[in-house]
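Dropping a structure here in structure tokens format, bear with me for questions.
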Amino acid sequence: MATVLFYILGFTMLAATLLCITRRNPVHAVIYLVAGLFALALMFYLLGAPLVAAWQVIVYAGAIMVLFLFIIMMLGLAPQDVPEGPSWQRWGPLALLSSSIMICTLLLIFKDPMAGQQIDDFYLAPQVLGEALFSRYALAVEIVSFQLLFATIGAYMLGRPLPKGEDQ
Amino acid sequence: MISFGHALAFAGALFVLGLTCVLLHRQILMILIGVEIMLNGASLVFVAASAYWQQVDGQVFALLLMAITAAEVAVALAMVVYLWRRKRTLVADEFNRMRG
Amino acid sequence: MSLPDLLALLPILILVFGGTVILMAGAWYREPLPLIAGGIVTALLGAVAAGLVQPPVVEIAGLFSAGAYARFFTILWSLLAAAGLMAAARYIIENSIGAGEYVSLVLYAAAGMALLSSATHLLALFLALETFTLAFYILIACNRRCTLAAEAGIKYLLMSAVSTGFLAFGIALIYASSGTLSLPEAVIKLSAATGELHAWGLLGWGMVLIAVGFKISLVPFHLWTPDVYQGTPAPVGGLLATGSKGAVVAVLVGMLAVSGPVWHGLTDLLWLLAALTMLVGAFSALGQKNLKRLLAYSSVTHMGTLLVGLLCQTSAGLTATTFYLVIYVITSLGAFVIIASLADERGEPMEFDQWRGLGYLHPVRCGVLALLLLSLAGLPATAGFMAKFVIFEAALQSGYLGLVLIGVLSSVISFAFYLRVTMLLFEPDESVCRWHTGTASEHAVIAVCTSAVLLLGLFPGILFDLIGRILP
Amino acid sequence: MTAASALPQFPWLTLLILLPLGGALLCLLHHRRAEECRWLALATTAATLGITIYLFVCYGQGDSGWLLYEDAAWIPRYGIRFTLGLDGISLLLVLLTAFLQMIAVLMSWSEKQHVPMFFSLLLVLEATLMGIFLALDLMLFFLFWEVMLLPMFFLISIWGHERRHYAAIKFFLYTLAGSMVMLVALIVLYLIHGEQTGTYTFALAELMQTDLSSQQEMLLFLGFLLAFAIKIPLVPFHTWLPDAHTEAPVAGTIDLTGLLLKTGIYGLIRFAFPLFPEATRSFLPVLGIVALTGIFHAAWAAYRQDDIKRLFAYSSISHVGLVVLGLAAWQLTAWEGSILLMLAHGISTGALFVLIALIRQRTGTRNLAELGGLWSQAPQMAFLFLFFSLASLGLPGLANFAGEILVLLGTFQTHPVWAAIAVIGVVFTAAYMLRLVQGVVWGPVKGRPTLPDLTPREWLILLPMAVLVLWLGLYPEPFLRPLHGAVVNIMAGGLP
Amino acid sequence: MNESLLFLILLLPLFCAVFNMLFGMRLPRLFTEVMAVIGVAGAFVLTLLFWGYAEGDGSRAVLFTWLNSGTLNVSFALNFDRLAAPMTLMVTGVATLIHLYAVGYMREEDDYARFFSLLNLFVFAMLVIVLADNLLVLFLGWEGVGFCSYGLIGFWYRKLENAKAGTKAFLVTRVGDVFLGIAMLWLFALTGTLSISAINAQAALISPGVVIVLSLLLLLGACGKSAQLPLMTWLADAMAGPTPVSALIHAATMVTAGVYLLCRFFPLVSLSAVAMTAITAIGALTAIYAASCAMAQRDIKRVLAYSTMSQVGYMFMAVGAGTVAGAMFHLLTHAFFKAVLFMAAGCIIHLGGGENNIFKMGGLARRGPAELFWVFLAGAVCLAGLPLTGGFFSKDSILLALYTYPDPVYRVFWLIGIVTALLTSFYTFRLVYLVFAGEWRGSGHPHALPLLMRWPLWPLALLGLAGGMFNLPAFLGGGEALHHWYGTMAGRMLTASHDVEWMLAGLAAAIAVVGWFAAHWRYRTYQAPLENALSRFLLSGWQADALVDRFFIRPFNAMALFSWIGCDRTLFDGSLEGLARTATRCGALLLKITTGRLTTYLSAFAWGFLILLGWFLLKLVEGGGH
């Protein structure tokens, strides 16, 4: 049952993503992506990662994508402002490139002897994850926190309005 | 029982789709979205591998990856705003004053 | 996190907390000079701490090494940060960039590089790499008066983001394949599986290679380099060209030094990459008319040569690579600082027309620039030659005659374009005009770099001994 | 190694290198006073010349050991040592270097542009040349060998004539390409030796003991030979020389002809031959034929030149062809002749370049079609021009003849056909030389009816050269004496 | 006295040459002139003083070691022996008179110091040849005379033709030097020494085949200097020089150097019959060739030049016929009368106001001083070989030697000699008639003849006329003094019955007279020069210059052009520049990839990734294979 669900979710996710990347309107794209991310979150859950799944929804779908939407709105990127996304002249070689990459990647992935292994049932309780996060990986968390701090600074430095007369 | 290979295949497909998005679009925001998709693919591998190896590390990586993505997106979007203000365009190819 | 761990982390802590303090101070205190001075002192303190404090542990939290090798690079990157700040002082003030933010970002980047150089864990590697990459996004673009900087910023950012994607996926695959995130273990597991080639591991390492290749600009992932170098203000460019590449190479060297020869599956590929990189970099630089772009292509060539050293995977090769790296960092930094020191309200001299005949107006700096360029080219009696020599020696020892010959070819071509610049500098030209005379701090950095290049060129034994002792 | 006595002796050889370097540094530091730089440079070169003459007088008695030997550790990790040694061959070349460099300094006295840099480059060049002729550690040699290119490059590219950039780059890259190949060969040799014996070293004496398979030896020899052949230059690797000669300022031209070309030959003698005796033996016939080809090819090409500097460039190629022929003959007399010819050629052609520079200064042209009647315009100059041209075409009694005849006499002993063909080259030399003299010295006066004749300073430059040309031509014994022992040593495949 | 004092003979002219070179223009003219004459005259006197050294086996003097390397040890050494002594005396003696003459001749020349200096240097170099003990020293003089003649022929360098004539002389003689040089190298390789006497002593040990080649090499070397076929083209052009130079170089000294060389190496050369025949053949061919050319020449000096060539041919024949004494005898008498002829020709040209063309002269017997006519006539009769003159005896002895040579081929040479004698007599009297008979046809104003240009002719004229006395043949009651003086060096003893000798002498006398009559018949009254093909052919010296141009100079030029343009410019530089261009083009191509557009860069990323993937797949397939 879980297995079937996993595959359904997987293909849903891929479909949503495919729709996302072919949209010309960024708002549509983001919405499709959010759908894909939800499916992914459920896959995480099925793979025994409830906390990651929850955060996927909260952080990715909830925060990051909303941030994207926010920026699109803020800059007022109406669909006509968006350059014609994929133009058909570029499709040919790109489709070839992408599909070759896709085929090669999948071939490589299936070529590995481990590809046939099954994932045993696994469930990682949030508290175990939390413990690992704040003991073994405490230093990593610190680094990430600093990174977020400097990202804020950076966003502030770059995002400030330009002095008068300097925008073109 | 989920096949490890299949999980990775989903992840790989997601990654390649993200890469395709990056290649396909000329608009900076869409390129960033493509990168997010690629990173999601990576997360899926981590989580799947974590389950396969019955370890916590993969999930930790996935979590921290998410955080880092957030930081990066913050800066990237600030840059987008900055560029928009400067040039009123988000087409990546418009930024080609330096070349050769 | 125990006390010994913290003690071992002291230099990083100094850099990071010093940076944070200066950031805070910058919010209240708008005078830039003291902030910059504080930053320099912090960086130097970090270096001193790394040099003097003997850590009680060899590994920090299973993520970072605390060995002599890591400390050496911590010192190097701290000093680089100090030099970068000294060179940037005028740039910060004249462009009214927030000094607190700038200084803290540089210190933070240095901390990131130091962490990367000492990473022994894939997560640590990823985080440290992201850390200074993030800092560079901002540093490149933070000069709001410069349009080229914005363009460079977005190019670097997007390319870097994609490479992050590759790195993350690569690490994920390695993890999936080996079940561990510890760097040496993962490497050993890969190399242990010689009987049956692990597709995932191979693919994972390949993707990591792409990310690394992007960072150190290997062909074909090098295309951003000239654009970003050109757009980036020289004080930042100096750091970008040296630290961000050097730290990546350093971690690879450290990894190989611990794990011994690996990469059986990748050797041919790396061979090809190194050859391509050396040649494409050299050929591309031939037609350049812009000094910073030229330096970018030259750095491509240099990274190709470094890759030759890495490819050897022998102790001679790693020593040579480390030596080469240090020399490259010093020389390259010197060149960028000279460009920075000449910058004035017109910007930096970049186009060749601006350099023509400049040697007679600014004889010392142009002379030194010529020397540094020739050192980059590998003229004997400068450090650059010793560096090239040891790489070739190691490569020949490992039997890479073909690569060495390609390296020789690229050296000869490199000489062609470096010589063109040096010739240009001393070509009498009436229309040449003066640039900034430079400040004492800039001159100090140039002097240090120059004397290091000369000293290490004539007496490279000092550095060899040091590297011999620190290499794990 | 025997001469490496335990007694600490005065480090003359190191001084020979350091003195010009110090002078160069002082010149640079003193760059605000151009006038004083000239004197500084002159004093430095004079002091160097003094030392070399002192060494010549003290040690030029034909001892077969090292006349002087200095050795110090340098980069122990790679077995690189700072080893200098002086034997008869080096002694003569060092002497020539010091002499010609002083001439070059005097000749550049009226240089106006960027004087301090000019002289410091000249002095650096001198130091590196000394290093080349003295170094016994291959890495040390290579270091000097490469660094030498740089001052020359700048001399051409900054102070040269119209096509200076082209010429400078061509010169640098061409010679660099060769020497990079040599570097690779050098490292391979080092590694092979290291693997065999366990000691990794660049010391010439030890590398000579390496056992090489004949194929290895041939390849390595070719690697070395390429570098030297380009520098010598042997046809067909010679085309950089006419350009470099033509475009270089006079001091540069003197150094190029007089000294740089000699470094290639010296490299053959000192390194390529002793390191790879088997390969040398099997390659000598090829070398001889190449040298012969060079003699004729260059003489022909010289015949068609209208730029007199270019003409002399080709004449130099032709002359060094004869020098190499003498080496290829592998015969004692021929070798001594070759080395003597190197000296003679350095001086006589050097003097001719001096005169060409003076002629150009006065007439503003180097084109044969625009010159003529120099004897009416400036008889003293014309006389000297004729004199050195005759020396250059090998008139007996003048310097070149002594060397040439030794080469030919020696070569005939082992390779009669080569020698016989080379003698024909003598006519060809005469052909282009006489065409030159006819165009410059004789004929109706073109341009101004009179030109300022030689000034005392110019006499000061040319007179010693004329005296030396006569001396070498009539009584070369003092210069041959130091060679006897040294040449025997090297031909026997060893070092003193 | 000491033997090394012999060097004074050499050093005196050298010293005066150097002195005049350095200070000549700064001192009074007279001083320079006196120095110049003293240099030569002093040498003459010294030769006389040192005459005793030449007797017996001669004397060797060593100054210092010149070259010393390996087995080679060459000294500056002189050998004053019986062969050298008369030659030295002749060279210095004639040169002294020529110097005196030159003082007068160059009275109006400003650049006199260079002239006298070169003249002295020339004498020095010639003496070096004569006195050299070893081949290297000989070569020094050999090349030295080459250079001095170069400088003297091109003395009036402002006219480019003169300079070119000098260059031509130098170059052509240098071609000969190549053969001498090769011979020298070979001799050294064979014998391990360069000493001439040592080589001659060892000559018998050399294998016969090698001897032939060596002799031929020496012969060719001699041909260059002596203007024999095929290296004769320079001599006629060399008349561009001042007349004293022509007298010195082309009469007395340089052209005879070749003969002297062969005489020096006679012991070696005579070992090979083939070489001897070759020498005779060359001499005979040149003699008749030059005589034929002389018949058509219009320039007085060129007539004399060709006559010189022809007479030197006789000397070669003499050597070839094995009589060194005969060769030297003719050499001496020829030096005297030819010097007279040249110097008188100088006076004639002077009188004609610089006119060289004999068809624009005439009537000089009355127009000029009578003594000039007599002096010239004296020289002419010697040249024509009228009986009892010096020329008659010396030529006769050569013809005798040819006639009596055992090899029948020599009869052919003898016949050529006779025919040549006929031609000689004809063109000599043609010259005399054209110059002295009839009316003045020229236009130039005569220059005054200084005294110094007149009286040096007399002693030479007398010596020429009476030259026969030196070696009067036995059938005339003579003692063959010269022959006896040379002793062992004299070569073959001529043995013929007096009847034969009388017959030959009579024939020679008859031939000379016939020639005279023919000239008298043709030129007694003025005849304009013939303009037919034959005369043009002879005038141009059988088109020799054109042939040389066609077969040597043009190919040389073509080769030179090929080396310079074809090889260096096109092939070597072209390929180098092509390489550079290719590199630059590669660079430009690579720069095109750097479009500045992010999409390009990202697709480069993707392509790189694809290649990586492909590589791995390949690896895995291969890895799966085994």
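For reference, chains read A, B, C, D and E in written order, and residue numbers begin at 1 within each chain.
To be clear about the criterion, a residue touches a chain if its C-beta (ideal position, glycine included) is under 8 Å from a C-beta of that chain, and two chains touch if they have at least 3 such contacts.
Predicted model only: the values in this text are computed from it and were never measured.
Undergrad: I need the common contact partners of chain A and chain C, sorted by label.
TA: B, E
Undergrad: Following contacts chain by chain, what is the lowest number of steps it takes to reach chain B starting at chain A?
TA: Shortest path length, in steps: 1.
Undergrad: Skim through the chains and flag the pair connected by the most C-beta pairs in contact.
TA: More C-beta pairs are in contact between A-B than between any other chains.
Undergrad: With centres defined by CA atoms only, which chain is the most remote from chain E?
TA: If we average the C-alpha coordinates per chain, A ends up farthest from chain E.
Undergrad: Indicate, using Cα centroids, the chain positioned nearest the centre of all protein chains shown.
TA: D
Undergrad: If you average the Cα atoms of chain B and of chain E to get two centres, how far apart are those centres in Å?
TA: 95
Undergrad: How many angstrom between the C-alpha centroids of chain D and chain C?
TA: The answer is 43 Å.
Undergrad: Can you give the whole-Å distance between the Cα centres of chain B and chain C?
TA: Centre-to-centre distance between chain B and chain C: 25 Å.
Undergrad: In whole angstrom, what separates the CA-based centres of chain D and chain E?
TA: 37
Undergrad: Among the residues of chain C, pick out those that touch two or more other chains and give their numbers.
TA: Chain C, residues with two or more chain partners: 123, 127, 130, 134, 137-138, 141, 144, 147, 153-155, 158, 162, 166, 176, 196, 199-200, 202-203, 226-227, 287-288, 416.
Undergrad: Touching at least two other chains at once: which residues of chain D meet that condition?
TA: Within chain D, no residue touches at least two other chains.
Undergrad: Name the residues of chain E that each touch 2 or more other chains.
TA: Where chain E meets two or more other chains at a single residue, that happens at 591, 594, 596, 598, 602-603, 606-607, 609, 613, 616, 620.
Undergrad: Which chain pairs here would you call touching?
TA: Pairs flagged as touching, ordered by label: A-B, A-C, A-E, B-C, B-E, C-D, C-E, D-E.
Undergrad: With touch defined as at the start, can you tell me which chain B residues reach chain A in the complex?
TA: Touch residues, chain B against chain A: 1-10, 12-21, 23-27, 29-30, 32-34, 36-37, 40, 43-44, 47-48, 50-52, 54, 56-57, 59-60, 62-64, 66-75, 77-82, 84-88, 90-91.
Undergrad: Which chain C residues qualify as touching chain D in the complex?
TA: Residues of chain C touching chain D: 360, 363, 374, 379-381, 385-386, 389-390, 392-393, 396-397, 401, 404-405, 408, 411-412, 415-416, 419-420, 422-423, 426-428, 459-461, 464-465, 468.
Undergrad: In their complex, what parts of chain E are in touch with chain C?
TA: Going through chain E, the ones touching chain C are 583-584, 586-588, 590-591, 593-594, 596, 598, 600-602, 604-605, 607-609, 612-613, 615-616, 619-620, 623.
Undergrad: Residue numbers of chain E touching chain A in their complex, please.
TA: So the residues of chain E in touch with chain A come to 603, 606-607, 609-610, 613-614, 616-617, 620.
Undergrad: Taking the touch rule as given, give the residues of chain B at its contact with chain C in the complex, in rising order.
TA: 4, 8, 11, 15, 18-19, 22, 28, 31-32, 34-35, 38-39, 41-43, 45-46, 48-49, 52-53, 55, 57-58, 60-61, 64-65, 68, 71-72, 75-76, 79, 82-83, 86, 92, 95-100
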